[in-house]
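Working notes for the structure below.
In this document, chain identifiers A, B, C, D, E and F correspond to the written order of the chains, with residue numbering beginning at 1 in each.
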Amino acid sequence: MVLAIDRRIGKYAILLAMNGDQEEFPVVTPSQWKSCMGKVGSMDSQKVVAAIETAAKREGIIKSDGYRETHALYHAIMDALSGVTRGQVQLGSVMRTVGLRFSVVRGNPYEELEEGDWIAVALYGTIGAPVRGSEHETIGLGINHI
Amino acid sequence: MVLAIDRRIGKYAILLAMNGDQEEFPVVTPSQWKSCMGKVGSMDSQKVVAAIETAAKREGIIKSDGYRETHALYHAIMDALSGVTRGQVQLGSVMRTVGLRFSVVRGNPYEELEEGDWIAVALYGTIGAPVRGSEHETIGLGINHI
Amino acid sequence: MVLAIDRRIGKYAILLAMNGDQEEFPVVTPSQWKSCMGKVGSMDSQKVVAAIETAAKREGIIKSDGYRETHALYHAIMDALSGVTRGQVQLGSVMRTVGLRFSVVRGNPYEELEEGDWIAVALYGTIGAPVRGSEHETIGLGINHI
Amino acid sequence: MVLAIDRRIGKYAILLAMNGDQEEFPVVTPSQWKSCMGKVGSMDSQKVVAAIETAAKREGIIKSDGYRETHALYHAIMDALSGVTRGQVQLGSVMRTVGLRFSVVRGNPYEELEEGDWIAVALYGTIGAPVRGSEHETIGLGINHI
Amino acid sequence: MVLAIDRRIGKYAILLAMNGDQEEFPVVTPSQWKSCMGKVGSMDSQKVVAAIETAAKREGIIKSDGYRETHALYHAIMDALSGVTRGQVQLGSVMRTVGLRFSVVRGNPYEELEEGDWIAVALYGTIGAPVRGSEHETIGLGINHI
Amino acid sequence: MVLAIDRRIGKYAILLAMNGDQEEFPVVTPSQWKSCMGKVGSMDSQKVVAAIETAAKREGIIKSDGYRETHALYHAIMDALSGVTRGQVQLGSVMRTVGLRFSVVRGNPYEELEEGDWIAVALYGTIGAPVRGSEHETIGLGINHI
């Protein structure tokens, strides 16, 4: 099991999340991989989780029925949120808000076929006080087998 | 205080950390900004902290004497480590190891001069079992006023 | 102070919580011990705490007035919730819900009389997305001197 | 996706871990499921992780090569350790030690075939000061798709 | 950088927060230092954060516009809340409430001029169940460069 | 159960810990209360725990045999350490060190006799990089029924 140099699923997810509207970073994921992007801004961490899950199911990145893939995605989201929140996975309850772009990428980043599919969730944007401009950047990445 | 579009300190730091040896992402930070990069691999979180602090002082990103700037950098490092470890800032004690590239960037990412200097620490690489290849990607970003 | 083999207060509490309606595990706690059981399902961690406290006071496991025993029970509940939530003691705010059976057992599990009473809180059930069936099992146990 | 009443993988794992040498709880897991048990006592959390991983690979519960199954098991172990340690996944560094029995069970606990295999890690035993008898019971359960 | 014996910013902040209405501890901070005090009681951690921020801005301890000083204060508040909550920065969601006095002190506690201003936030009061008297004391201190 | 104004066990413990060698704050605890003080400096959190436990037993604050009182003290120490470390109860593993004075106070802070004895552990000193002077103040308080 070796991470293939040209199949860095986390790097792809990060670039997609940082891309913004101008597609600053042209990202071409390996064929047969799936990915989606979206935006969410909230003081409510539940809404961030829901926005990503909804997008990933709607875009067919994970199966919308069954639990297995939802479970894999959920923990990737929670890991990404850990990076964004750095310590306590809390937003409004500690008086802060986020404005995030997210991406979800699915594929096999390893050279061995039998490693199967993995899922990467990247979040990039700002975190700060609920006052315009009182914020700095933040990033998070969660990766899980699926 | 508005984050200037072309002075995203966190984005610059992330791209520098993801750049690898080939300079995949040509990063031109604003003039008068300072930055450095490095690599560290360890099961010992203390060594990760030390490697970044040493590089930042040696490269003149922060003052090597005095406490103020060291304090600012330290907390940026800890925030970045939170993203990498997602939950417990522990490596060897929970049987995992990291192989990371890091970057430290210093400058003012806001449109207002009086926001002064900020520091961004980005970590990108792999985390996993202490067995070659048993690892996936991870990222962390910490930003602090300095 | 040695844990007596036939007075494992935590094991009793776990079996009571896992018993379900059919009393799958016949549990006979030492005479003079006290215990109660109950069920609670919620996305609101506050409701889980309240359900257990209310039951323990109503059933006379702890004194309903005074702070001392309430304090002992509270921390046993929080410890049990840590096992259920594994990391962040949050439910709805990270989009998950629990369906739990709980038990509270009070008695002296040690061979020495002077170790006095201890309290065990066990939680067993499911945790998962707020979608029927999207869940897996979870357990938690908190033990405190009282 | 509904948890089948007679295929509670977490409950099986807990009973196996609580069984002790006398097989107090006769556990018959569904045919085609795999399970193993073991003991580990340490002030070093790394040793607990290693003991479970080694047993699970040696007994063929997970594949000993490849990363995918190791990754699934690792996070189940960490979840189980969260329940045991309740807050900080630390042992010796906060002056405490554990004496644990563990079990690892692999199988599909859902009624739907397509939910595939899941893995449950249960830990049961004592946690306390590094002084004989200065300890109380503790439990932890981690469940992951594999 | 040496902490000056007579400029212990944290000690001053703690004494101010513990002072109560009777000024039990006469506190004379160095000239040119700034400080303010206040009270807040809530099950809502967001309200604690907001009360301190509002007081610090209203009393001119930090600039009310711009992000830099708000960011410094915010993290000092979060550190102080960590001491008060000891583990999870949660109040009502885990069924507890606080009654706190707070102080914010700004000045240079070091012998070297170039260490510049630092900010200390102290919280002292009670934490407990939402029942009168079911509470014990708690303290927290956060210190940051500003 | 009401905290008696003149029996603030936490406040006494904090003042004792902040007293230094000059007895800056004359502390007279209620008769029949017990207290001890000490100093510990370390990058090793285990040593901090051990120093406090040893002092409390040697000075007769808690019984040196039996588990019950040791258990109560241990959790008070851990709570106090949470305030000192604010987030992760780690010192050397995240490259920081502490220089602390500690106090342990035992008595009944409530107006009602039946609330019995409680124990307070206070820590006050500095935390910072393992470089002389690169440090700021820190405090922690843990209170438990005993």
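Keep this in mind: contacts are C-beta pairs under 8 Å (C-beta built on N, C-alpha and C of every residue); 3 or more make two chains touch, one makes a residue touch a chain.
If you want to know which protein each chain is, UniProt gives these names: A, B, C, D, E, F = Hut operon positive regulatory protein.
Please read these numbers as outputs of a predicted model, since none were measured by experiment.
A.B. asks: Along touching chains only, what is the step distance from subunit B to subunit E?
C.D. replies: Counted as steps through touching chains, the separation is 1.
A.B. asks: Comparing centres built from CA atoms, which chain ends up most distant from subunit C?
C.D. replies: B
A.B. asks: Interface overlap for subunit D and subunit F, more than half of numbers shared or less than half: same or different?
C.D. replies: Shared-number fraction below one half, so different.
A.B. asks: Just grab the chain with the largest centre-to-centre distance to subunit E, centres being mean Cα coordinates.
C.D. replies: D
A.B. asks: Counting in whole Å, what is the centre-to-centre distance of subunit A and subunit C, each centre being its mean C-alpha position?
C.D. replies: So the centroids are 35 Å from each other.
A.B. asks: Using mean CA coordinates as chain centres, what's the gap between subunit C and subunit F in Å?
C.D. replies: Taking the average C-alpha coordinate of subunit C and of subunit F, the gap between them is 29 Å.
A.B. asks: Please tell me the distance, in whole Å, between the geometric centres of subunit A and subunit B computed from their C-alpha atoms.
C.D. replies: Chain centres of subunit A and subunit B, defined by C-alpha means, are spaced 20 Å apart.
A.B. asks: Considering subunit E alone, which of its residues make contact with at least two other chains?
C.D. replies: 1, 67, 71, 78, 87-88, 90, 93, 110, 133-136 - these are the residues of subunit E that touch more than one other chain.
A.B. asks: Within the complex, which stretch of subunit C touches subunit A?
C.D. replies: Contacts found on subunit C: 88, 90, 92-96, 128-129, 131, 133-136.
A.B. asks: In the complex formed with subunit E, which residues of subunit F make contact?
C.D. replies: 1-3, 8-11, 14, 18, 25, 78-79, 82-84, 86-87, 109-110, 118, 120, 122, 124, 126, 132-143
A.B. asks: Please give the residue numbers of subunit D that touch subunit A in the complex, ascending.
C.D. replies: 1, 65-68, 71-72, 75, 110, 112, 114-116, 144-145
A.B. asks: What residues on subunit A touch subunit C, complex-wise?
C.D. replies: 44-46, 49-50, 53, 67, 70-71, 74, 78, 81, 88-90, 93
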